[in-house]
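Here the structure is laid out as structure tokens; the discussion comes afterwards.
Labels A, B and C are assigned to the chains in the order they are written; within every chain, residues are numbered from 1.
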Amino acid sequence: MSLPASCLNMIHSGGWAKEARHMAPILEVRDLHVSYSASGGASYAALAGVSFQHMPNEILGVLGESGSGKSTLAASLLKLLPSNGNISTGSIFFEGKDLLCSSASELEQIRGKRISLVYQEPSVALHPAIHAGEQVFQVLAAHESAGKSTLRQKTRQVLASLFPKEADRISNSYPHQLSGGQRQRVLIAQAIACGPSLLIADEPTASLDSTTQKEILGVLRTLRDELGLAMIFITHNPALLAGFADRVLVLYGGRVAELGPARTVLSSPKHPYTRALFQSMPQILESTGNRRKTKLPVIAGDSSTARLPLEGCVFEPRCPDRMEDCRKREPALVNLGESHTVSCFRYGG
Amino acid sequence: MRFFLQRLRHACFLLFGVSILAFLFTTLAPGNYFDEMRLNPQIAPETVAALRAQYQLDRPLPVRYASWMNSVVHGQMGFSFAYNSPVAPLLFVRARNTLLLTITATLIAWGIALPLGVWSAERFGRLPDRLLSWATAALLVIPDLALALGLLVLTVRTGWFPTGGMTSLDFESLPLSGKLRDLALHMTLPVAALVLSALPLLIRHVRASVAEVLDAPFILAARGHGIPRRTLLYRYALRAAANPLISLFGFSIGALLSGSLLVEVVMSWPGLGPLLLESILSRDLYVVIDGVLLSTIFLVSGNFIADILLYWADPRIRTEGGTR
Amino acid sequence: MEVETSPSGQNMQPFLRVEKLVKCYERQNVFGSRDRLLALDGVSFAVARETTLAVVGESGSGKSTLGFCISCLEIPTSGSIWFEGRDIAVLTESERRKVRAQIQLIFQDPSNSLNPRWSVEDILLEPLNLEGKLKREETKQRAAALMTQVGLSSDMFQRSPAQLSGGQRQRLAIARALALEPKLLILDEALSALDCSVQAQIANLLIELQRTLGMTYLFITHDLAMAAHLADEIAVMNRGRVVEQGPAEKVLRHPKEEITRHLLAAMPSLDNAERPPLES
């Protein structure tokens, strides 16, 4: 069996050998195009040719702001797009099988069992009138055919792994009686109950304060280490991925801007968007003396989808490093070595 | 608990007030039961006067109210002039007949409205849903009277069902199964009329509440976990949409005694409706007052039951809202 | 009483001074018992004119309640809030309404604080019309001026908030807050719901407005990095009390309290990328 070049690169780049037990990626997205149709016949592209591979036991951080298509990506991976969403081309291979060719019943079996989603906004992602424990139980009951008592036992185990001290109290509580962090853990419990191989977390810490955020990241990290889960962590805050993700994928305007090992992308980003994004974030160690209360270097304009150009590089209108070619053609992905790819004319393409 | 005791107390005051008002209005209305008799030249005025005295109609109002109250406490609830008997047994038999109809009709109506509403909400905006909306709109527009009469005409033409009354003439001689069958046949038309008139409103409310809930994030999250469709609709969506429906159910209970008057009269069902109508027309005072009171009790109980159900069904009300 | 100096070097009374502020929420249970929640437990601090005080803390520390009390949306249980020489904690409702024009609150989620059925123009004109000081044409001009001030173009007038991006909505909320020329702006997690790059844009706008309009800010947040960047002073709250307060630099470099160190450690930072991954 011949391995794709990207896989070979990963092995040789070191630091991967010990973790890559399987060579085959658990998830492979190829040239995914997703669009939404608005009223009046118009349609706009949310994802325009996204491709990446995700290896087992790896945390992939997807970095994207509003309009980048990150939520569309999460929804597409489970084929849970709203009625006006439409996957025009591309394929999503999960454990070798193309999800886009699967039937509705097959997908129902995969969702929650092989691939799970942890939602943002834990306050609304849980049913307000059903006990937290019952909601976890329902997920188990939907996928496993064991008897009720076995399932209840399992529910208790799952909750105990996330709430070591107060599993019973949490199980009998309603969502509105729990704090934000506790609700998020219940969502995670629902997601891991059936032992999935891929966990997609869509901004799971968005509404939490920093201490709870750190806690939840720790929980996810432990789950990865203990259960061998592959994880896709979607966020708009690059700081969360530092020291957490193994690889980072930067999405802009529905396309992959940059993809590579977290350490490389976060400390020395190559794509102009990524660089500008990191520069616009206040760094606490720098906020001393004269840097404080000065204006941050921002990216001009905003990333709303209405402004995306149809030809050429999608970041070109806001890019501080734009060149002639940027308006004419879309840049291709350039391999910078160490499995770090960038789509920018500055590096070739 | 304090909350409920308070409600109970308010309910008692309400009933008290209603009884006074009913008493006032009926006695202050012009005429009384014996007016017709007075017009009849064959009956001597002394007889009329004697009858009036016997029934205490010449006493002042508060005295009559007090003796009526006394009679209520003793379980007789006043006296009916027309039927020449205490009101209580009369009322209860008729009320039982009415409840037979209305409880059956309410159960059937809700039993149809819930699945149909949920089915419609799932297909919100698409053709099957729109067709159902038109059908319910049409039903809503047709007056109850027209529905009842229409059904009567149908049965007269086809002879499938008896055209009125609660039982056949030979009811007593039938075996148990025969009695039940006879009763069921007589009940079919009035129940059908009641169900058809109640259905449109119920379906629309169920559809609206469930459709609103189906857009909620927790439903999407549950789909993401692979929860099967049936569980999703009934355990999750309906549960979350329950609040307005419970209030509606409270109204259904409240209308158990009062909602079927028209149908009973048209179909000659010996229920509370025809009794009340007849008593109002002939000024049979105490029957009217007691009938009104009984209906009010049901109305108040209906709301009360709805409150209890709401308290039980929505944990947020039970635990007095969120932490912040 | 501490005397603060403004950036221009003049000695002046504190612009805003809070003394032993207490806010207790009580709730009657169905079963008759009472639930008490002590949101603020004797908060005291002062803010100098034309400066920014960041109030940081975890959820439940009482920072939002503080914002509500100071902006007169809630009445404190006890304590005083000295603003421009008056104690605004003990005002009557009509006096409070007048003070509210001076102190404006910007919320975290602009989609909840902007009426989705109104156009941008309606939203901006509302406070001006309610105040009733300007004539019709003047209000429209003022609305256009406000839009420019916050960096929105006036061809957005007829749009509804739903058609704006998160950053644009927050700018609109700020424009509306500026309509009545307030002196104090309370930002309750105003940047937390925005994307990182948009946060930078709005932060720059706030810095600009402070410079040109002489605004004073009370910046309530759990994001220490942004607080560090924008604030002159930082107050750390925990369980309804201010546990540490001082110049931003001092609090960040030499935190005294355990909770401050805890918050600093929990803060996500891009610098962590250099270090090896967190041990769980």
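FYI, contacts are C-beta pairs under 8 Å (C-beta built on N, C-alpha and C of every residue); 3 or more make two chains touch, one makes a residue touch a chain.
All values derive from a computational prediction rather than experimental measurement.
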| item | value |
| --- | --- |
| Maximum centroid distance from chain C, chain identifier (CA atoms) | B |
| Chain pair, A-B or A-C, that carries the greater number of C-beta contacts | A-C |
| CA centroid of chain A to CA centroid of chain B, Å | 56 |
| Averaged-CA centre spacing for the pair chain C and chain A, given as whole angstrom | 32 |
| For chain A, residues contacting two or more additional chains | 179 |
| For chain C, residues that touch 2 or more chains besides their own | 60 |
| Junction residues of chain B - those touching two or more other chains | 321 |
| Chain C residues within the chain A interface of the complex | 52, 58-60, 165-168, 193, 195-201, 203-204, 207-208, 222-226, 228-230, 232, 248-249, 252-253, 262-264, 266-278, 280 |
| Complex interface listing, chain A residues touching chain B | 78, 80, 108-113, 116-117, 119, 121, 124-130, 138-139, 142-143, 174, 176-177, 179, 187, 190-191 |
| Interface residues, chain A side, partner chain C - complex | 65-67, 179-180, 206, 208-214, 217-218, 221-222, 225, 236-244, 246, 262-263, 266-267, 276-278, 280-285, 287-289, 291-299, 302-304 |
| Residue numbers on chain B that touch chain A, as the complex places them | 216-218, 220-228, 231, 235-236, 239-240, 242, 313-316, 319, 321-323 |
